[in-house]
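What follows is a set of structures to go through.
In what comes next, chain A is part of two complexes: it sits with chain B in the first one and with chain C in the second one.
After this line comes the complex of A and B, so read on.
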C-alpha cells in the first residue's frame, strides 16, 4: 500500500511539473503559432535566477518569486528581438528559437561554467500521506503547479484578456479585424509562457542538478505531451502530461528507469501518429 | 524552365567548389588534409538534409540518426562484429550496409509517419527530434554498440574484397577518396533534384494539398525522398567513422542533428552545394576561430544562425547565388 501511494505521488509530481512546462509551450504554440524550442532553456534560466538569488544571500522564496519575473522579462526581450520577425514563417520559428536555445545555453556556460550546481531543499522533512512518508517539498511543488494551472485557466476563461486571447487562437485575422491588438497580445503571451517556464525551473531546482544542458530533458517530453493532448484546448497539455507522466513512472517502477524515457517517447510517437490532432481534439481547426 | 540547359549559378558554384577542392592539397599540410576529408563527410550529411528539408519541405530535426546508423553499421562490419559472421570484414560490405540500413530505417519511419493522416511540418520535426533522443539513448545503453564509449579502433577503408587489401590511410589518398565519394553522392542528389521526381518533390514542398489534387501520391514521394536522404546521410556517417576511427553515441543524437541544421541554414537550405559548403565553411572557421574566440565561438555561431534565419532565410551562400541569378535574369524563385 505504501509503495503504491508513493508511486502514485511520484507520478503526480512528475505530471504536474510537466504540466507547468507544457502549458507554457502550448499557450505560445496555440496562440502565436510559434514553436518555442528555447522553452527548455527558459526553464533553465529560471533555475539559475534562483541560484543567483541564493548566492547573493537572498532566500529561496525570494528566488522563487524573482525567477518568473526575470524570465518573463527575458521573454519580452526575446519576443521583441527575434520572435516577431518570424511570425509569418511558421517553420522558421523552430530554427530561430533553436538558435536562441544555443545562445542561452552558451551564455549560461560562460557565466556559471559547464559544471552542475545544486540548490538546497528549503522544506526539509516529510509529510505523512495515507500512511506513506513523502517529502514536503515535492508536495509544495505539486501545489504550486496546481495553483499556476488554475490561475491560467481563470485568466483565459474569466477575463477580457483571456477572451481576446481565445479569439486570436480561434481566428487571428478575424480577431484583429474586430479591434484586438494582436501585436500586444503576442508580446504578453510570450512573456507569460516564458514566466511559466521560469517558475517551473525555479520550483524544481532543488530536486535536480542544474547544468546548462538540462533544458532538453524537459523540452522533448513537454512537447510530446502537448502534441499528445492536442492544441485545440488548454486541457490538451494537461491530459498529455498525464499520459507522459503516468507512462514514465509506471515503466520506471515496473521495469527500469533507464528504459522509461524510451518507452514514453515511442508511446508518444505512436499516439501522435494515430491521433495527429491530439487526444482532446477540437473540430474545425487546421494548424 | 524552358531554358533548361542554361548554366545556373548553382552549377557554376559546384564546378568552382570542385576545382578548389581538387587544388586544395597543393597548399595544405597533412593535418589540414585529414580535417578537410572529414568535412567532406559533414558536407554530405548537410546536403542530405538540404535534400529532404530544402527540396521536399521535411524539416528533419534528427538527421544525425541516419549518419550515426551508417557510422555504426560500417564499424560493426569492419570490426568483425556481425553476429554469426565474424570473418566478414569487407569495407565494401560496410559501405553497402551503411547506406542500406539507414535508408531502410528512414523508409519504415516514413511509411509510419506520412501515410494516412500523415504528420506535417512542425509535428514531423518534433517527432524526428524525439527519434534522435531515443537513438542516442539506445546507443548509450546497448553494450553491443559499446555503450557510452562507442566502438573504437575502426579501421580505415580497405580496398580488398574482404579486407586484407590496400588500406587507404595515407592523407592525400584518403583526401581524394573521400572527395570522390562525396562528389558522387552530391552528383546523385543533384541528378535527383533536377529529375521529374525532384520537380514533384518541390511541388509537394510548395503546396502539398495542391500536389495531391494533381494526382501525386505525396506520401510515397515523401517516403522515397526521406529514404534517399537517410541513405546518403548513412554514407556520410560511414565515411566519417573510417577516418575518425571511432563510432560514438555523439554521432547519432541530438547534438550533431542540431549542428547539421545550423550548417544547412547558414549555407542555404534550397541548394545542395550551398549546404555542403555551409558545413565545410562552418567547420573550417571553427578550426581557427575556436582558438581565437575560445568559448565565445559557440555563442557567436548561435547568433550568426539566428541572424541568418531572420534576415537571410535562403542562407548566406544561397542568398548570394540567388542575387547573382537575379542579375543574370535567371529566375530561381
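After this line comes the complex of A and C, so read on.
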C-alpha cells in the first residue's frame, strides 16, 4: 500500500511538472504558431536564476519568485529580438528558436561552467500521506503546479485578456480585424509561457542536478504531451502530460527505467496514429 | 473639420491607385474609389474581380504594393488590421467567420473588449439576445450572419465593410438583413462599402455602385441611375 501511494505520488509529481512545461509550450504554439525549441533552455534559465539568487545570499523562496519574473522578462526580450521576425514562417521558427537554445546554453556554460550544480532542498522533512512518508518539498511542487495551472485557466477563461487570446487562437486574422492588438498579445503570451518554464525549472531545481543541458530532458516529453493531448484547448496539454507523465513514471517504477522512454514513444505513436489531432481536440470536434 | 483635412474629395475613405495581390499575382491593379461619410457604396464585379481582396487590403490583411488608402484624411496604408479597426472600420467577412466555439455574448465581446454594452447589437438583432448564452456555432446561417454584423457594430464603426452578407441565405432572410442594414445605416450614420452579388439587396441599400473589373474600378453609377436603367447592371454582370 505504502509503495503504491509513493508510486502514484511520484507519477503525479512528474506529471504536474510536465504540465507546467507543456502548457507554456502549447500556449505559445497555439497563439503564435511558433514551435519554441528554446523552451527547455528557458526552464534551465529558471533553475540558474534560483541558483544565482542563492549564491548571492538570497533565500530559496526569493529565488523561486525571481525565476519566473526574470525568465518572463527574458521572454519579452527574445520575442522582440527574434520571434517577432519569424511569425508566419513556421519552419523558420523552429530554426530560430533552436539557434536561440544553443546561444542560451553556451552563455550559461561560459558563465557557470559546464559542470553541474545542485540546490539544497528547502523543505527537508517528510509528510505522511495515506500511511506513506513523502518528501514535503515534492508535495509543495505539486501545489505550485496546480495553482499555476488554475491561475492560467482563470486567466484564459475569466478575463478579457483571455478572451482575446482565445479569439486569436481560434482565428487570428478575424480577431485582429476586430481591433485586438495581436502584437501586444503575442508579446505578453510569449513572456507568460517563458515565465511558466522558468517557474518549472526553479521549482524542479532541488530535485535534479543543474547543468546547461538539462532543458532537453523536459522539452521532449513536453512536446510529446502537447502532441498527444492536442492543441484544441488548454486541457489538451494537461491530458497529454498526464498520459506521458504517468506512462513514463509508472513504467520506470514498476518495470525498468530503460523501458520507460521506449514505452512512452510507442504510446505516443499509437495515440497520434489513432487521434492525429490529439485526444482532446478530437473529442471536441465530435460534439 | 476643414475640407482639406478630409482630403480633396471630402470623402471618409479614399483609395488611390491601390495595387495588391497574393504571392506574385496581382489582384488589384490600381483601384481608385471613394466613400463619403454616411454613404453606402455597392461594389459589384464578377467572381475573381478582386472584391474580397479589396476589402481585405483595406483592413490590412493583404499587403499593399502601391497606392494609398486614407481614412478621415489620415494615411492608413500598411496599417495593421487592429489599427484600422481602432480607427472605426469594421469588417464582416465572407463566410462570417464568427467564433463557433464561443457563446454569442463572447463573440460580441470580442467585437470590442472595452466596456461597450450590447444594446446597439441587440437593438438591431433582437433574435440574438434570447440566444446570448448559446454557442455561436449552433446558430442558423441567418443568425450567424446577424451575429457577424452585430459583432461589427460593437466597435461603433463609422465605416462598415460587408462581404456578401446574403451568401447562402434564404430570400426571406436576405430581405430581413437588407432592412436591418438600412436601419443601421440610417440610425448610426455609418458609411458602408458593400460587396454583394444579390442585385436587389444592392439596389435597396446603396447610394452608388462601383464596378470592379480585372483589378480596377471601371465605372461608378448612382443607384438611382441603375434603378432607372437596369440594363447597365445586366450588361456589366453578363460580361
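What to note about this one:
Assume the second predicted complex is superposed on the first by the 281 of 287 C-alpha atoms of A that agree within 3 Å, B and C clash if a C-alpha of one lies under 4 Å from a C-alpha of the other, contacts with A are read in each partner's own complex, and residues count from 1 in each chain.
Here is the rule we use: a contact is a pair of C-beta atoms (placed from the backbone, for glycine too) under 8 Å apart; a residue touches a chain by one contact, two chains touch by 3 or more.
Because the structure is predicted, anything quoted here is derived from the model rather than measured.
Once chain A of one complex is fitted onto chain A of the other, the partner contacts of A:177 are limited to chain C, with no touch recorded for chain B. Touch criterion met: A:109 reaches chain B, while chain C stays clear of it. When chain A is checked against chain B and against chain C, the one touching more of its residues turns out to be B. Judged by the touch definition given at the top, the superposed model places A:167 against chain C, while chain B stays out of reach. Taken together, the two complexes place no residue of chain A in contact with both chain B and chain C. Listed in rising order, the residues of chain A touching chain C in the complex are 160, 163-164, 166-167, 170-171, 173-183, 284.
Only residues 59-61, 80-82, 84-86, 90-91, 93, 97, 99, 101-102, 106, 109-113, 151, 155 of chain C touch chain A when the two sit together in their complex. Only residues 59, 61, 112-113, 117-119, 121-123, 125-127, 129-131, 133-134, 137-138, 141, 254, 258, 261-262, 265, 295-296, 298-299, 301-303, 305-306, 309-310, 313 of chain B touch chain A when the two sit together in their complex.
Residue ranges of chain A in contact with chain B, taken from their complex: 35, 82, 85-86, 89-92, 94-96, 98-100, 102-103, 106-107, 109-110, 216, 220, 223-224, 227, 258-259, 261-262, 265-266, 268-269, 272-273, 276.
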